[in-house]
Every structure is written in C-alpha cells, then in structure tokens.
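Note that chain A is present in both complexes that follow, paired respectively with chain B and with chain C.
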Partner chain A sequence: MFSNEQLERYSRHIILKEVGVKGQKKLLEGKVLIIGAGGLGAPVAMYLAAAGVGTIGIVDADEVDLSNLQRQVIHTTSDVGKAKVQSAKETMEAINPDVKVITYREFVDSTNILDLIKDYDFIIDGTDNFPTKFLINDACVMAKKPFSHAGIIRFRGQLMTYVPGQGPCYRCVFKNPPPKDAVPTCKQAGVIGAMGGVIGSLQAMEAVKYLIGKGDLLTGKLLTYDALKMEFHTVKLPQHVKDCPICGENPTITELIDYEQAECDMK
Partner chain B sequence: MADFNVTEKVDITDVVCPITFVKAKAVIEELETGDILEILLNDGEPVQNVPRSLKDEGHKILKLDDNGNGTYTLYVEKGEE
Partner chain C sequence: MKITVGGEVKEYKDGLTVTELIEAEQVQEAEYVTVALNEDFVPRDEFETKQLKEGDTVEFLYFMGGGRA
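For the complex of A and B:
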C-alpha cells in the first residue's frame, strides 16, 4: 500500500484512469536501462525517475564536458569533469528517492551488452553513433527485449519502438550502418538543445506506456520531427521483413558485431 | 449506521484535494466489482468533489450521510473494471 506521501507524489498519475494505483505499482516495479547519459538520455532519465520507475540503469563511459550542458539538462555546470553516470544518478535521486539508480561507467560493446540488458524490462537507445545503435538493436532482438530507438541531429529527430514479435526491428528498416564518416555526428553537425528534450521525452513516454501496458506504441512506425518546418510525420514501416539478417526467418547475423567508430567520435 | 455490507473503510479526512480522491481511489482499485467502500470525508471541497470523481470512474454512489460534525460518510459500490 502506498504511503500518503507516495499518494501525493504520484497523485497526477493515480488520478488518470489509464494509470491508477495499479499502473503506478507497475512503474515502481519496472526496470529500464538507459544507454547514454547525453542529450536523449538526460530527459529520459529525469522523466522516468520523476515517474517513479523503480529501477533505472544508466550506461555511459564519459565525463561531463562543458559542451554537453547546452542540451544534457541532467548535468549542471558544477558537474563538469564528473562521470556522467554519477552526475545523472545524483540528479535522479534528488528528483525521487523512491528510485534505485544503477550506474555502469563503461562503453557498450559486443562483450558486455547482453549482460547489461538482461535484467531490464525496456531499453532506451540514447546513443549518438550508428555502431552502438545497431549493436543495441541486434542484442535486443537476440535477447527478446523491447527498446526505443532514437536519433537526433541539427533540427531533426526520429524514433521508433521495437517490441519482439510486434513489428520490424531497426535493422529491418536500416540494413547496415552507413559508411564511416558518410553521416556527420552531433559533434560535427551540431544539434539544437531542445531536440533531445522533444525526442527523449517521447522515448520516456514509450517506456511508461510499455510498463503500464496502455495505449499504442511506436511499433511498425517511424516518427520523424523537423523542428524548422515544425512538422511531425509518422511513416508506416513494413510489418515484418522476412529476410532481415537479424530478426528474419533465417538470420545470418548470429553473433554481435562491433562496427568501427568514426574516428572523430573517439576521445 | 451502516445500512450496507461494507467491504472496506477508508478515512480521507487527513489529506486535502486532490489527494482525497487519490486515497479513495487507491483503496477502491483493490476491491472487486460490487464491493462496498465506506469513506469518511470532510465537508467542503472533499464532499463536493470526491463523490463526483468516483462516479466519473464508473462507481455507484449509494449514500452520503452527514455526521453533523463537519464530516460525512460516503458509501460507494465498486463498478466494472
């Protein structure tokens, strides 16, 4: 049973017919892993902590840099130089002491990802590079974990949700990573700070809906946002790509792949 | 006083709006359809809002008794999930 304090903290959720006490309990019992404590990961981590998602894992090997603060709202000026996962944990615990935050200060690769995701109900891809995006997809398909993909650059963002058996995976849509240096990263191209807020908040919304089991998820669809034109589009995706090398009928990818990173992305 | 076969009771006089409704909702969600909840609530905002909110959620308001001391006792039958 909830304490009066918890009833008050989560009152705006509990009042909602779709959430109620039962939905709030599901959130408190929920476990979400956020890969990347950056532009996307920051709003996801803050909203999920505020929502009372009981266990939140956060993975990032980097330290807070002054150039991060324009968009990574979970970190403050005094956090510069601190491990991002530590800075994120402090903010999340300050928002909501009900939440257990587990930090992983490491790079995600083929050797650790399956172990990282195995205890979580839902995974958030808050990364900024294609090799890791494909790795997260392949690992989630193999481990049958739902995840939210998102990407942001300049004034644009996109996201889609993968749920095993309920639509295409990221690789069904984007077969392979683009050639190295063919697509600029945020670092080279820039990104408007609020873009992480828009798209990351939508990822947090998908995680919440998945945990409470209400509404329609962004499965089988890709949502794109163009801030300059102020247009959202939902593109319908093929329901299932039979010859997808990872989730198709005869998968040719049976081991995880560490694609090479563009050099400018490495520190 | 209890003209009904009350399944559960809750006192929401220790909290203010909108937590009054939230506290009542937290208890009624755990009950089965047809069960009866007895709610002790304060005059004023709670007595104006809580019965209406419960009705909006599909529950049946059975009776509201004025206890004459600034509190009311509300009997609600849980509706379909």
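For the complex of A and C:
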C-alpha cells in the first residue's frame, strides 16, 4: 500500500515499534486542523506535514508581516505581504507533497468554528488571544473534538491536551477570559522566537500520538516551560470539575460566545 | 511548615493563607491566577481564608496568550 518513495520517506517512523506501517497509515489517514499560522502553528504545520499527516487544515486571516519572521519559521522574507495560509501551504507542500493542505483565510468566530472543526480528528490551538482560545475550547467540548491548547509569552510557554471524557478542559482551569488588556499578549509583551518552536513541537507531538494511539497525552495535566530557568514542570489538574460551565455536569454555556478582543489584537 | 510550591519545597509559617502565599511568592497578575491545591482548584473567594498545612502542594496557573500575532 505504500509506494517505495513513501517507505523511504517515512522509514524513520516505520522502524519505530510504536509507529510501524500501521501507525504511518494512521498518520496518512489523519486530519488535523491548525488554528493560527503563527509562532505555534508554524512548527506544528511543518512537523505534521513532514510526518505525513494526510490532511492538514490551516486557518488564519492575516498576511505575513516582517515582524513575524523572528519566530514564524514557516514563512520566509519573500512571503511578506502574502496570506499566511498560502505561505504556510507552499512550505508544507514543498516539505511533503503527500499532504493535502486545506486553507481557510478567515477569522474564527462563533458562526464558523463548528463548521471548521467538524471534519477533523484533532485541533491545534495556535492562537494568540483569549477570546479565541475560549471559543476553540467551547467548540471542541461541544463537538467532542480533542485539541491541544498552548500559549507562549516572553520566555514562558504552556500546553495541555483535551480529549472528551478524559480530564478537564481549558475552561475548567481558567474559567473565563481575563478582561481585555488585563493580561498581555505576546505582541504587547514580546516572546522569544524559539518558544514557538519548543511549545509548537510539543503540540505536534500530541497530535501525532493521538493519531497513532500511543503513549500518554497531556490530558489532566498542564505542562509549563520556563526558558530562563530552563525548567519544564507538569502540573497535575483535577480530573473532573463538576461545575465547569461547558464540560461539567450541568453546562450553563449552551451557545458559543464571541468575547471582545483586546484592541491591540485587532489589525 | 514545609509546602511544595510550583514543584519546589519551601518553608512557611503555619497557618499561611493562599492570599498570603500569593503575596509572598510575588505572583504576577494575581487577580487572574488559578490556584491548585493538592490537585484541586481553590475558589477565588476562599483565597483569604484557606489555610495551608504541612505537606501541601500548591501550583499557580497563569493565563498565557501568544502564538499567532
């Protein structure tokens, strides 16, 4: 079923007992949606394309800006001004023509997110703002889709994985978005370029493990990384938050919410 | 008493409350921090009264945006 070229391309996967021909087939049949083609989405998209994840959707409304290139390694200098999703697609297809890349040049909001995620097996939150992070969480809980949450700022990053029925969601931990401008985004505060590489690569790892069905995911755990201290730390979370308004026993959120964006996040 | 804060064992006076620990640890954006005590979340309205005891494990969880812009 694999061509000789595929056997060679994926040979370092196939030789792994946890992957093998079976696991590689699962990757090729896998569908992952990446929301945000920036600091986090760039390494996720590149590693998943290289790994042969068969269908990768990528959502972003923006164009490549010169100030993105310090960390968004999927885009190059000649891509400045181009739609991020187009630039990302070109890089991913150059890495691996086996992969079908589907681009969505749009902002996600309550009107389109359920439609965007419905055909995918796993969702990557590579966004930079809290309204969208909560929207992705709520939509994934409602649609019973697993997803990887991550955030990066300055010299720190964190991630957790939600799988329906297997531990808490993002809202279990963080309840509600902070008031706009109360907590800085990385545009306001800065972020060290390689942080997206560290945390985005971990998100890609979670997606791959989910697709091949091997190993332990970051469900019920929040992994934090402090680059200045050079420390990783895993925080064990409560396994079940009964009164979570979206995944708890009596959900009070029954419709998706478009929270107000901090003004500096709007272009 | 000894408690574990963010994975580090620390010495604090008996009866320390969550609010006092937040101050002592100089937690940033403390208004928005999530506090986990022995793998359970502490409701914000209990920060001032919740006293910590020997052997407790406390974690501070922060909002982290960033990624795309």
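Everything that follows uses one rule, which is that the second predicted complex is superposed on the first by the 267 of 267 C-alpha atoms of A that agree within 3 Å, B and C clash if a C-alpha of one lies under 4 Å from a C-alpha of the other, contacts with A are read in each partner's own complex, and residues count from 1 in each chain.
Heads up, the rule we're going with is that a contact is a pair of C-beta atoms (placed from the backbone, for glycine too) under 8 Å apart; a residue touches a chain by one contact, two chains touch by 3 or more.
Note that the structure is predicted; figures quoted are calculated from it, not measured.
Looking at the shared chain after the overlay, A:236 reaches chain C, while chain B stays out of its contact range. When the two structures are aligned on the shared chain, A:202 is found in touch with neither chain B nor chain C. Contacts of A:22 after superposition: chain B is touched, whereas chain C is not reached. In the superposition on chain A, the chain among chain B and chain C reaching more residues of chain A is C. Once the two complexes are overlaid on the shared chain, A:113 sits clear of chain B and of chain C alike.
When the two complexes are overlaid on their common chain A, residue A:7 makes contact with chain B while staying clear of chain C.
Using the contact criterion defined above for the overlaid structures, shared-chain residue A:126 touches chain C, although it does not reach chain B. Within the complex formed with chain A, the residues of chain B that make contact are 14-15, 18-19, 21-23, 25-26, 29-30, 57. Touching chain B in their complex are the following residues of chain A: 1-2, 4, 7-8, 11, 14-15, 17, 20-22. Across the interface of their complex, chain A is touched by residues 6-7, 29, 31-32, 34, 36, 39-41, 59, 61-69 of chain C. By the touch rule above, chain A contacts chain C in their complex via residues 36-41, 60, 62, 125-130, 133, 150-153, 156-158, 173-175, 178, 182-187, 189, 191, 196, 200, 222, 233, 235-238, 241, 265.
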